[in-house]
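The following pair of complexes shares a single chain, chain A, combined with chain B in the former and chain C in the latter.
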Partner chain A sequence: MATGSVEKRARVAPAAEPATVLECRDLNVHFDTPDGRIAAVNGISFDLKRGRCLGIVGESGSGKSQTFLGILGLLASNGHAVGSVKLHGEEILNVPRRRLDAIRGEKLAIVFQDSITGLTPHKRIGEQLSEVLTEHRGLGRTAARAKVLEMLELVRIPEAEKRFRMYPHEFSGGMRQRVMVAQALLCQPDVLIADEPTTALDVTVQAQILKLFKGLADHTNTALVMITHDLGVVAGLCDEVMVMYAGRVVEHAAVDELFYAPRHPYTRGLLACMPRADRDSEALTAIPGQPPDLAALPAGCAFAPRCPYAFERCEAERPTLSLAAPGHARACHLEALP
Partner chain B sequence: MSRPLLQVENLRVHFPVGGGLFSRPRMLKAVDDVSFQLAPGETLGVVGESGCGKSSLGRAVLQLIPPTAGRVLWLGEDLCRLDDDAMNVKRSELQLVFQDPLASLNPRMTVGGILREPLYSFEPGIARSEAEDRAAAMMRRVGLRPEMMNRYPNEFSGGQCQRISIARAMISRPRLVICDEPVSALDVSIQAQIIALLRELQAEYEVSYIFISHDLSVVRHLCHRIMVLYLGKLMEIGPKRDIFDTPRHPYTQSLLSAVPIPDPRRARQRDQKLLEGDLPSPLNPPSGCVFRTRCPHATPLCIKSAPVLEATGSEAHQVACHYWQSLTPETHTDQPTGE
Partner chain C sequence: MLSFISRRLAIAVPTLLVVIAGSFFLMRAAPGGPFDADAQLEPEVIENLRAAYDLDKPVMEQFLLYMARLLRGDFGPSITYTDYTVTELLAIGLPVSVKLGLTATAVALLFGCLMGIFAALYRNRWIDYVTMSIAMTGFAVPAFVVAPVLTLVFGLYLKLLPISGWNDGALQNMVLPVIALALPQIAILSRLTRGSMLEVMRQNYIRTARAKGLPEYKVVAGHALKAVSLPLVSYLGPAIAGIMTGSVIIEQIFGLPGMGRYFIQGALSRDYPLVMGTVVVYATAIILLNLLADVIYGYLDPRVRRE
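And now, the complex of A and B:
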């Protein structure tokens, strides 16, 4: 297979770049704990474009969720977000709660991994979903109901009319997750953030939900953020990918670039250690060691203790994100990977 | 194949569910009429959606839940007929590794204690110093420093706890270890480490594995043969090659089609045949073929009659579908690209 070369056909550099919806600049999230300050997210910048999908990949604790909880003003009480996040040019980071609630209902929506937490247990599904529209859009009950039914059908809930009157616990995990997606889409948000939306689901149901997201990305203007630890999920869905490690972005590139020409040792390591269902793999090259403890990060590159290419400079100096090729950034002291 | 280590015949695990003063409980058929064999040193993968009976099957083989019917022959001896004492002696040969590493370790015991415990129970009279030496050697073998012997499980990461679980299972030199989703809770980079460890230990100890997993990528990497379950029933079983290259059962085909592939070009080209709908309730499984409510090829015959497992030409590859002969198997192996 011709690795180095990037296929031009697919999705790379279309005639006109779609408009930027959300602009995140130098976002930092830290938590104050009795043992000191934990820097969970450091210096993250990216743009979300209309109708595009950005994948955020990393192991647990790498800062994927806190990045977006920070943006949405949903951090735990000991958490603080610093930086700038603009939605259609309007600064939304740390704006008053009332303004954020309004934005969250209308323009930015989030779907979490655990679909139970996103739904109120003692309320009928139809009622919960209609409320979103009556409250945020000022729709009447009949109009709201019609719209909700339309959405439930869009996410392929069978017998939507009947399900309208059921409670969350009467749905299977996969169906609840689809209801969550329907709820998030009700107000036709400009940005939909999906935080590991399929991690708890069977592959068959995961495939259904990913297809739903794919349709969304291809046929609407919603900008999608897919947070996941699974590079397989990203490959089929995203246009662009950011890989996070220890609270920082270590690589950011178009999806084909990232998979076929990774430029950070960690990304390369992740790709080499994943078994694949579509080919035999004799030996996997495991990344040695463990993800670092954010409370005790090394001074230099956080990946150095596990990196096969680490040299003196890596232990002393933290690499910053810089372009290695047009549209392809990585944070590593090496000019090119060996 | 050499003489089977394990022969499971018509195994059933039925749980009574509900029922009250005036109503009889209904039977949930978690495992229904499942038969298979396992050779020494072999790894059999068990796959299927959540609730299809994978864990129940594993536990019934180990007699941790009593099978409702069927036989579990261990080197020809039926484990279902052993009393508790006789079964406990056998446990040195049949071990289990769980999904949740931390929850499966006693929080009040040190790692050393956890590893010595099976030695004291399976080799009564073993000298303390020998037990300590063997525990230390086992720790080293699974990649942990023996100096950590006196620490408690909560002082270890998830991956390290799974190493401890594996060490505990291996220390009595078992011939079969049932691994129930042993890497599912771990980070990608740690998964690969544990998979490599399981492979090394198999080569060293000639242990057999029953590897329960919902992740077909991991199963392909680790298993020699694969068994596909749906609502407690065996749909297809065969050598890995046959399952991935010529999957015969429509359910196996849709499972394979649903696995995400970490390769953008392949992912774009792929024509995924996705299952519609959700799993039916296991308390009220469909008549005839249990897969028929989601099967794209179902006919009236499938409603009336349940297919039986048939050999597909190669004796080792068996499938339970009325129409397997007329369905085209689609390979799920990437075509060689002349690397």
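And now, the complex of A and C:
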């Protein structure tokens, strides 16, 4: 299938292609609602390699977060994930809770978007972080505390000793997000999923947090998944990108490929939306129309109603993801963008 | 925290004054008097009796006299229990009511919380339906119906438990009154707990705790329970008030020598000092216990601790 890994000259230039850590095949996520079943994610496949960074880009509701909540078994109670997800070759999708608990936080860690509600308000930061280590590593109180302090310093939290005893509401937004990152990194996970980790932050703080992730990607073997709607974040951090629209991958390519030669009209639209400092344009461009309603998707291409190049076939037949160039897949009926 | 407590105590003083004045004047406004039932007494005797209890003076003066005495810690003599002062009667009744009330509160909290938590964890399954049906019934059926039914079934038909009497607070004498007293609170607390639990388990930080790889019991015990208990603590004040007022009826039904019985008998026979004495004690207890609930709240939620 064309949806496998996308080749790319590695950033750190290791001799051989790094090993695959996470292998996701034909993952579907749906929600049962009183109004019927809603398919939030359809047939997603990708490989995640050691030390690499995969960017997932899409609008709200494109299924980018639900894909990974599904993988982690963290969907809302009416949500179901179907397909296959292998961690080091071992199936982890829909395994019993006990097995999941051993993986989550230890091998697969996630940083959520909202750090304000994402930390338990009535528990000291130190306790919240320490319990990851006591749970997975069986560390005692003092050993865990030492490791947590070390990690807090690594994510540049000043006065870690003092902060250890504080509650989440005593931290600023950026500091809380650092705490979340520290919490995710405690067990040196094989895969770190960052679900819009900078969306709720000021621009300057965003840059600091991204720098933190970049240092991480460069210096550890942790594979990073960066879920975002910000192409700028992807450009600075990722090796390859998947663009999602209405629960499907519409384009999957190495990051340079995608930016310089997008092959899906939606990706091109997203790129056109980015404000650019080097061009003297009057107004911001926007993709016309609204993201589709997942409960009432058209039979053909979900993007067709908003696509400037749509023709009859687009409304009748849904395009499948196929290779347009080596390592560059897209789901579009057009041979090449005009 | 200390300044918070002292400020609340300062506010409690006017509250208490309003309660005392309100009940004092309301009671005098009600028709009848303490010696109306004694029809055989000569009018002169009644006049003398009224004078002995200061009842011949204007109401305002009576109130000031009462307040002056109250400030010295003297609740005055009881009119119906002629050999006792109100203080002596309260000393007999208070321990009974406190023991009954505390036991009922503990039972209500224990069962209310457990039922609510399980109903929430097994939402829309049979455990949920059964506990919530019990809760609705407990809430809908008043204590004066529950108590006689309990007595009838467990006391008269099954002959398992005594139908009335205190017997120095023996366990078998406590069971029925405690159940009757706790039932409506169990009903409210379990519904409150269930709602709070469902709300908390939807929070992002619960998802974070699960994402850390904590088993579900640690997620619930370590990350949810404190937040779940917050609305319960808020309700603790009204719950205690509910149990106290409930106690008035329950003590009467089961013939327990508590404060509630003195309150009812005092009210029926227009024993003004006795009613006032119980009112003062009830009001003080409710104010203090509400303050305690607020202190616990501050302890549980670090965000309200400041200022």
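What we mean here is this: the second predicted complex is superposed on the first by the 316 of 338 C-alpha atoms of A that agree within 3 Å, B and C clash if a C-alpha of one lies under 4 Å from a C-alpha of the other, contacts with A are read in each partner's own complex, and residues count from 1 in each chain.
Assume contacts are C-beta pairs under 8 Å (C-beta built on N, C-alpha and C of every residue); 3 or more make two chains touch, one makes a residue touch a chain.
Being a predicted model, the structure only gives us computed values, none of them experimental.
With chain A as the common reference, chain B sits beside chain C without any clash. Of the two partner chains, chain B is the only one that A:273 touches; chain C does not reach it. In the overlay built on the shared chain, the residue A:220 is in contact with neither chain B nor chain C.
With both structures placed on the common chain, the touch criterion links A:94 to neither chain B nor chain C. Touch counts on chain A: comparing chain C and chain B, the chain ahead is B.
Legend: residue contacts after superposition of the two complexes on their common chain; A:134 is shown touching neither chain B nor chain C.
Legend: residue contacts after superposition of the two complexes on their common chain; A:290 is shown touching chain B, with no touch to chain C.
Of the two partner chains, neither chain B nor chain C is touched by A:20.
By the touch criterion stated above, A:158 is placed in contact with chain B alone, chain C being left untouched. Within the superposed three-chain model, A:207 lies in touch with chain B and out of touch with chain C [touch as defined at top]. In the superposition on chain A, contact of A:188 is made with neither chain B nor chain C. Distance between chain B and chain C in the overlay is 8 Å (nearest C-alpha pair, rounded to whole angstrom). Those residues of chain B lying in contact with chain A across their complex are 49-50, 157, 159-160, 187-193, 195-196, 214-218, 220-222, 244, 254-268, 270, 272, 274-279, 332-334, 337, 339.
Looking at the complex, you find that chain A touches chain C at residues 72, 74, 97-98, 100-106, 109-110, 112, 114, 117-123, 131-132, 135-136, 167, 169, 180, 183.
Interface residues of chain C facing chain A in the complex, by the touch rule stated above, are 203-205, 207-216, 218, 222-223, 226-227, 300-303. Note for the complex: chain A touches chain B at residues 1, 7, 10, 59-60, 156, 158, 172-175, 202-208, 210-211, 229-236, 255-256, 259-260, 269-271, 273-281, 283-288, 290-291, 306.
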